[in-house]
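You will see two complexes here that share chain A, one where it goes with chain B and one where it goes with chain C.
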Partner chain A sequence: MDGVTRMRTSSRSSGGRTSRAARAALLAPGLVAIGVSFLVPLAWLARMSLNRTVGSAELQSAVSPQSYVDVLTDEFVWKIAWQTLQLGVLVTVLAIAVSYPIALFLARTRSRLRGLLMALAIAPLLTSSVVRTFGWLTLLSDDGVVNSVLSGLGVTSEPLTLTNNRTGVVIALVEIMMPYAIIAMIAGFGRVSKDLEDAAGSLGAGRLRCFLRITFPLSLPGVLTGALMVFVLTISAFVTPRLMGGGRVFVIATEIFDQATTTLDWPRASALSILLLFLFGVFLVLYQRLFRLVEGR
Partner chain B sequence: MEDAYLVLSKLTKTYPNQPRPAVRDVDIDVARGEFISLLGPSGCGKTTTLRMIAGLIVPTSGGIRVGRVDMTNRPVHKRDMGMVFQSYALFPHMSVGENVDFGLQMRRIPKSERRRRVAEALDMVHLTHLANRRVSQLSGGQAQRIALARALVIEPTVLLLDEPLSNLDAKLREELRVEIRRIQQETGITTVFVTHDQDEALAMSDRLVVMSEGRVEQVGEPWAVYETPRNRFVADFIGRTNLFDGLAVGRDDGLLRVAVEGLGTLSVRTPETGRTSVTVMVRPHRVQLEPVEQLANELKGRVVQSSYLGDVESVVVEVDGVRITAERTHSGRPLALGAEVRLGWGDTDAYVIPQ
Partner chain C sequence: MKYLPEAIYRTIGAVVVIACYLFLLAPLLVVFVISFDAGANLEFPPKEWSLRWYAELAGNSEFLEGLRVSLVLGLVVTAVSLIVGVTAALALTRYDFTGRDGLVGLFTSPLLLPSVVLGLALLLVLGPVGLVGTYPGLVLAHLSLTIPYVVRTVMMSLNAVDASCEQAARTLGASPFTTFRRITLPLITPGLIAGGALSFIISFDEAVVSLFVVGTGRTTLPVVVFRYVSNNTDPQVAALSVVLIVFSLAAVVLIERALGLKRVLSRA
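Our next item is the complex of A and B:
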């Protein structure tokens, strides 16, 4: 992530004072951690995707592109891939839209309560998304709070179907993604400044034009970073689609889980994982291109 | 003032939870085409005053008028004032030309006219060749000139400058000082300049407004504020100075005799003040070391401090427990510490502060 790395490196100390060996030693723990927890499993995953399954879930060591061919020629895979993308885009757009005003407010306020508000905004991260998904299940189920209130007020006669379908998945995911969106956006709002807005005002821009011409364009790096974050987390989300979808919403992540645990077709599950990873790569490149564009470099 | 153009009347700003108003009953009249500086230490309310004129801060009470138009409750974007910020505040996502063009776009001016006026504005600051540059590629001095061009291209009623030079190095600062003044005089625009730098204020302004703790201490032409400060704060703040508190003990022939502990009796040519407890001001450059002629006030002392600054030498002489700062020009070799010196000043070199 170009924008994020750049922000981090800007605060590094002058390089001349630490020797090469010391730097290597300082980097080592992190590199080892990444290597053991990410690169090794990834290599194992890539290797697994080239194996073959014969008969009923019997794993056969091989170097074969068979599972990729199977996956890529399977219409169901294309369908869930498309659904996953749709879900990703929808959740990203909604989560960014509802988080944007909050992030902008938090980035600009000079209130003494800023720290508290900031903590409140990201406090949901303290509970796991499993717990939060169950929370949404009780809120949105047929006899849940939302439907009770609506029918109690006489607004609806039949309960709205808000769980076990895509609507529920979207609602829960949007809420779960908001803290990430807010944090990422605040970090990317560095170029939004009161002085620039004041300058635009003194040059004759009213509030709306000031927002459209100054504040919003300058906040785009934050919006992009937040969007990438939410999108990537959404298309790889498993728990929420599984629980809120009630087994009726299929995304790549749930399919991988099914293949690995129910069908026990590990090569196919691995191939799907590698394809999802490839998808991440595509969006990362896209993000970098867009980021450069909005930063105007 | 009869021909006042920008009028601040009883302008006051009080922030909640702060005991003292940031700006208190400020009355300033600025004539059309005048360059006026608000000068004072940080926290004196000068920037708050400027931002109230701009419409960026809502005054608690009081009024702002430009010509015959009451501006007090008008929003910032309808005030038609050009403002230059300390941080320049150039829009980083636009080119230099687009920055200058922004105010014209907001006024929905036809494209052909906009292009002409942007070109003229860039020409005025001699930066036509930078029109297509990105803002991030500009040096500090260039950015400040562009900010000035952007503020002036809309032909504002008033130009507001908020410490525009304080982020620049000394040499560039002096250069831009001259340039801002040139452009101000060429365009004849009424200008309010905020600074904490008294050299800037003295060099550029038609008149100074010295502020302290939210209030106006003195308004006047630079020389008048410097030579005849209205009170002790102004005397101390503008330029370097020697202040002696003493008692008026006698008066003859336009000369006031003031007894100062340690210095004996000083003679000052001054109109009648009618007070017995007075403060006498003597600027360091008026104090002569080793005077060749007979002076009204002559003393003997010992050099306790000397700073050689090239064009002048600043010397502190202790006379019977009282420290007096003097400035020696064409100094050559600096005076040695501990050296016995004679010093003095004429009766017109000193001034009695009225308050």
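Our next item is the complex of A and C:
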């Protein structure tokens, strides 16, 4: 349909000088806006990563790979890069595990409430991550909801330390990533047909075996796209690692922020950004390949 | 007995799904309850209920100023994104030319950039020209986040509109602008509503890019909250969060009604 429309319109508007002028006039505001707010800053960032910092935060214009060499030979950078990837894997696995039941349910259900439940699962995306992280702080802090319930029930005598450390960051990030995982998985679950399961069931397979042998394997493409989406978003997350980590959990994103706003070492911050961009890009390309493969079945 | 009865599987399934939903909605629900807590310590469930924190909110000049900045910013960003997004989407759907797909990619590419990287890049550019912490600087910074979504939602609507209606109007002598105003615009209104609501809420909720470019100047609400929460947590922030959630809910309802939340928000 799309192709037909375009062909029809093009027969009207192709060639003519006026239509070319109209097209240019329509595109101009957008190109200027994207250019100024996105392309120029990005190019500037790449250029900045080639500058040098001398002494304490004095910027020297140069074309040198110095900041990359510094970043790549710094043990601390390797440590936080490793921690970032570990966090990414851990959050991805857990987020997929808790999103899978919701996604499968939404892909299957014929309930009248389906629309509402779908909106409920995706809507948290549009609430600020600062607000959701604050919610987790009130839940998990030493005198927070979870600890007061646990001590009230006499389960624990000392409060569990669930904030200002990795545990809190993981729990909050898992929740924050769920809507992304759910959207990606529902898109991939189209091919999980209920008929196949019914057939297996009528041939005598039990529910568990049916799930393990039919449903789960068929849902794997959706799971994989969801996982990659969550992974790339987790390794670049900033708000939650900073607030839940209380300044004690370091990831690449928090390091970029510190270098840019506290240390004021811009070449280094820029080189770190390019590094993050590279990691991000690799997994994103993978994601898009997979997504097209799954959607275009 | 080899297999459990069907009913048991159904119950287990339902319990698992409900538990996952509870986990997903837990932070928002807790914030909501705590905002009505009369005490100063975060207690759950609260011993006494009150609207005390909402009243204090109304007297907190820092929060009010942040709210004002975020509202102005969100409205300006949305207006500019709509103008820019509609014109670009028109060119990209109604004309066929070489490099068209590349341009679609360009307009949606900021979606693929980590916010920290975008924030730093904008800081580096806005710093030297003195736009850090100013309205023009903040508008520019947020445009790169909202334009991709507006272009996408409007393109979705334009692709769904039958171009032959537009052609009929042209054949009958309407000018291109009249055709757009009388035929195209009414038909793509749902796309404009969804794109506008999305653009407003993205700008209104944005914390990371803003943290980089507010400097010591004009500060948006999410940045105020971020800085406040870094140091202390009290029910006043919970009350403020509820206000933010209400804005999000309004956007959710608008988008769901207009185009459908899932369609608008899936990436790739």
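What we mean here is this: the second predicted complex is superposed on the first by the 240 of 297 C-alpha atoms of A that agree within 3 Å, B and C clash if a C-alpha of one lies under 4 Å from a C-alpha of the other, contacts with A are read in each partner's own complex, and residues count from 1 in each chain.
Note that in this section a residue touches a chain if its C-beta (ideal position, glycine included) is under 8 Å from a C-beta of that chain, and two chains touch if they have at least 3 such contacts.
Just so we're clear, the structure is a prediction, and the values are computed from it rather than from any experiment.
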item: Contacts of A:I214 with chain B and chain C, given as first, second, both or neither; value: first
item: A:G206 touches, of chain B and chain C: first, second, both or neither?; value: both
item: Broader residue contact with chain A after superposition on the shared chain, chain B or chain C; value: C
item: Which superposed partner A:L196 touches (first chain B, second chain C, both, neither); value: first
item: First, second, both or neither for A:A227, with chain B first and chain C second; value: neither
item: Contacts of A:I80 with chain B and chain C, given as first, second, both or neither; value: neither
item: Which of chain B and chain C A:L126 touches, first, second, both or neither; value: second
item: Footprint overlap on chain A, where chain B in one structure and chain C in the other make contact; value: 206
item: Chain A-facing residues of chain C, complex; value: 2-4, 6, 9, 13, 16-17, 20-21, 23-28, 30-31, 34, 41-44, 80, 83-85, 87-88, 90-97, 103, 106-107, 109-110, 112-125, 140-141, 143-144, 147, 151, 159, 162-164, 167, 170, 176, 198, 201, 205, 207-208, 211-212, 222, 225-226, 229-230, 233, 237-238, 241, 244-245, 248-249, 251-252, 255-256, 261-262, 265-268
item: Chain A residues touching chain C - in the complex, by the definition given at the top; value: 1-2, 5-10, 12-14, 19, 22-23, 26-31, 33-34, 36-38, 40-42, 44-45, 48, 98-99, 101-102, 105, 115, 117-139, 141, 143-145, 148-149, 172, 175, 178-180, 183-184, 186-187, 206-207, 229, 236, 238-239, 242-243, 253, 256-257, 260-261, 266, 269-270, 273, 276-277, 280, 284, 287-288, 291-292
item: Residues of chain A touching chain B in the complex; value: 191, 193, 195-196, 198-206, 209-210, 213-214, 217-218, 294, 296
item: In the complex with chain A, residue positions of chain B that touch it; value: 54-56, 75-83, 85, 87, 89-93, 102-103, 106-107, 134, 150-151, 154, 160
